[in-house]
Amino acid sequence: MTLALLLNIVASGLLTGLVYGLAALGLSVIFGVVRVVNFAHGEMMVAGMYGAVLLFGALGLDPILSAPLVAAVLFVFGWALQRGLVNKFVERPEHMQFILLLGIATIVLNLLLMVFGPDSRGVMVPYVFDVFEIGPFHQDATRTYAGLGAIAVAAVLFAFFRFSRTGKAIRACADNPLGARVVGLNIDGLYALTFGIGAAVVGIAGALLTLVVEARPQLAPEYTLLSFIIVIVGGLGSLPGALLGGVLIGVSEALAGFLLMPSLKALFSYVVLIVVLLLRPQGLLGRRS
Amino acid sequence: MTALLEVEGLSKRFRGLRAVSNVGFAVPKGGIVALIGPNGAGKTTTFNLIAGVFPPNEGSVRLDGRPITGLKPHQVCAAGIGRTFQIVKPFGDLTVEENVVVGALARERSVDTARRIARGVLERLGLAEQSFRPARSLTLPDRKRLEVARALATRPTLLLLDEVLAGLRPTEVDRMVEVLRDLNRREGLTILMIEHVMRAVMALSDHVVVLDHGEKIAEGTPADVTADPRVIESYLGAESL
Amino acid sequence: MTARAMALAGVLLAALLAAPLVADSYVLSVLTTVLWFAYVGQAWNVMMGFSGLLSLGHALYVGLGAYASAALFVHFGIGPWLGLFVGVALAAAAGAFIGFLGFRFGVRGVHFALLTIAFAEVARIGFDHIGWLGGSGGLFLPVGGSDPLNLRGAPVLFYYVILALVLLAFALAKVLLHSRLGYQWLAIREDAEAAEAVGVDLFRARIKAVVVSAALTALGGVFQAFYFNNLFPEQVFSMGRSIEIILPAIVGGIGTLFGPILGAFILTPMGEALTGAIGALGIDLPGLKQLFYGAALVAIIVFRPEGVWPWLSRRLKLVRGPQ
């Protein structure tokens, strides 16, 4: 095995990991603000994948271009879900929140299965076989675009939380909900907005992922767990942690898939999860509460 | 009189913040000692250190001569210390009687015997009529009584009471004071209490320890302590802020 | 329980005992499924309902019980009545291990739930690669013959076995709940800090809850292996299976003794009826039953979060209401 080959595997893991990280970012945003763990995250992601697949089939739209449309639909879904259901559960015991969202996950998953069937569906963009060569690096164009797209969206999200008035209000609300209410912020509205943003972000991650992975309903629970693994590795509620965790998991999966057996690569992630849960439950970049 | 509880040089820091530093005092067997001080003085932290909620950074706690420093809360309970919580923690979905049964099971293996003990304790605290109501449906004064009942059911030699009188009406305070005095006189129960209701402190305790900013600033009889200028200053200073 | 409740329970039990006399094979298979879910629901309830520990990975214990007993039978001809001890011991050990790790390292809430999922997923992927157990291609038990000593026989045999298991689990749960340990579990569920202050050893009591729950669940796995005669890691250990296991207790009433049984009797027949009705229209919709389960989960947690049993038992005056 040459060093160049290894480098390429790491780079491809990194690019996929950025998309995973973007999906986990959505989960982290929702948890960080609403304090609710979105057990339907992977289901929303796969819904995003199917959105991109459908738009490609009907209009020939590249997933990168259809991502904003997918994001809009998922934003509305996430917003309405928070407004209509999840908001009533914010003050309820944790296990009730989990059960509610597990129920929603089960509904979305099986709707996808009933509508699209169990077979894989992908997009055939014109550049599907293109390869970029820079020095020793050989990367698929699709994977490169997906990774770069994820970075761009993450950057927009960071900027939104850092600089916009609404973003700052959401952060205030995350730090101290009671205080935020006292100074007159509309908590329920901000929660709904946040859930919408989280859903939109994971929808975009799903759309981008169709460039490298074909959509299947069965992927949904796997991606829910993958997002959990990433945010726990990176630190629940930490946005940079989610991206870092995504890259770590992406790279380690790519390496495990190459060095061990492809079917064992998910096992590797679970082992990483168990180790992190035990030794550093607040995650790599998280703060202990 | 020999000391039942001896606290020596107890210190606790949270992220560098000194919550309790070098606190030492003793509670004599059969005595009632009050721990007073303004808010944030480190009273509840001291309780938690004695009860084993977290270990101290320095210092030691001895019960009846046996070191209990660093034991877990359930081991401290087994050693003979019962405690109540300032913010009451009833087992909400269980009945009042079941709450106290759990306490009695600390020293009793048979559930039937534990139930008998629980009934006696409930009778004593005037909660017998509420026995089969879920604990969460109780009023605040009753919850405070339940807190005491549950701790008593563990048959402690030392009872730690964290503001069990706060929030009670004067008549209710008097009732509780009566119950505590009775337990102390008739059964020789030793009590260490954090209390803000000075009237009750004066009526019950024979010795008062005053904390401020995590340090012991005075101790003595209730009369001595309330006349101590440093104590007055610490209270007035805190109030006038 | 009131006399009225006793009478009702007696009538229902008699009906269940007599069911095979009148039920056709389809109804009997549905009833067997109902009872299986009532059983594993009761087992799961020991953790969540009694001690407040949310496990979302109970498929792990089903799978360990199933694979251990099936492998012993297939490879060594050891019957399930012996094999079940191995399966139960394995599951209990796995539960103790997960509990030990989780509680020793202070893993709580959602993190604990994820830990349970992670171990079930590790098993799902891991068992795919164990050739001796059939790997992803599945492990198959020899079918045919009538040999009750090896749990080989007609559906009615399995029906009575699972009915007995349900009664056993119910009795065990009832005894446990009224024991010293049961009181300690409930106290932990309500407020762990207060429980500790009255002398409850949190670590030991919680470990015991996981071990009891895992061991009981594994028995359900043994039954499943010999009833269906095939095991695939993809199905046995799946996250979806773990969710099906939590459903009966949630629908019926978390922490109640009758809840898991009632929940199973509500959910499974309704799911069957739904697929049957849609199937009669000539439409084949995979996922419909699960969709219904998901909707049931949401509906229950929104409208009746304490479950159907507490409400129903008050309505039918089956319990002496303290309120």
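So that you can tell them apart, the chains are marked A, B and C in the order they are listed, and the count of residues begins at 1 in each.
Just so it is clear, a residue touches a chain if its C-beta (ideal position, glycine included) is under 8 Å from a C-beta of that chain, and two chains touch if they have at least 3 such contacts.
Every value quoted in this text rests on a predicted model; they were computed, and no experiment measured them.
**Q** Tell me which has more C-beta contacts between its two chains, A-C or B-C.
**A** The greater number of contacts lies at A-C.
**Q** Just by CA atoms, which chain is the most central one?
**A** C
**Q** Round to the nearest whole Å and give the separation of the Cα centres of chain A and chain B.
**A** 49
**Q** Averaging over Cα atoms per chain, report the distance between chain A and chain C in Å.
**A** 32
**Q** Nearest whole angstrom, what separates the Cα centre of chain B from the Cα centre of chain C?
**A** Centres of chain B and chain C (C-alpha means) sit 43 Å apart.
**Q** Name, in rising order, each residue of chain C that touches chain B in their complex.
**A** 178-180, 183-184, 186-187, 190-191, 193-202, 255, 322-323
**Q** Using the touch definition up top, name the residues of chain A that touch chain C in the complex.
**A** Listed in rising order, the residues are 37, 85, 88-89, 92, 94-96, 98-100, 102-107, 109-111, 113-114, 118, 217, 221, 225, 228, 232, 261, 263-264, 266-267, 270-271, 273-274, 277-279, 281.
**Q** For the complex, which residues does chain C have touching chain A?
**A** 48, 52, 54, 56, 101, 105-107, 109-111, 113-115, 117-119, 121-122, 125-126, 128-129, 239-240, 243, 246, 250, 285-288, 290-291, 293-298, 301-302, 305
**Q** Of all residues in chain B, which touch chain C in the complex?
**A** Residues in contact with chain C: 51, 53, 72-74, 77-78, 82-83, 85, 89-95, 98, 101-103, 105-107, 109-111, 114, 132-134, 137, 150-151, 153-154.
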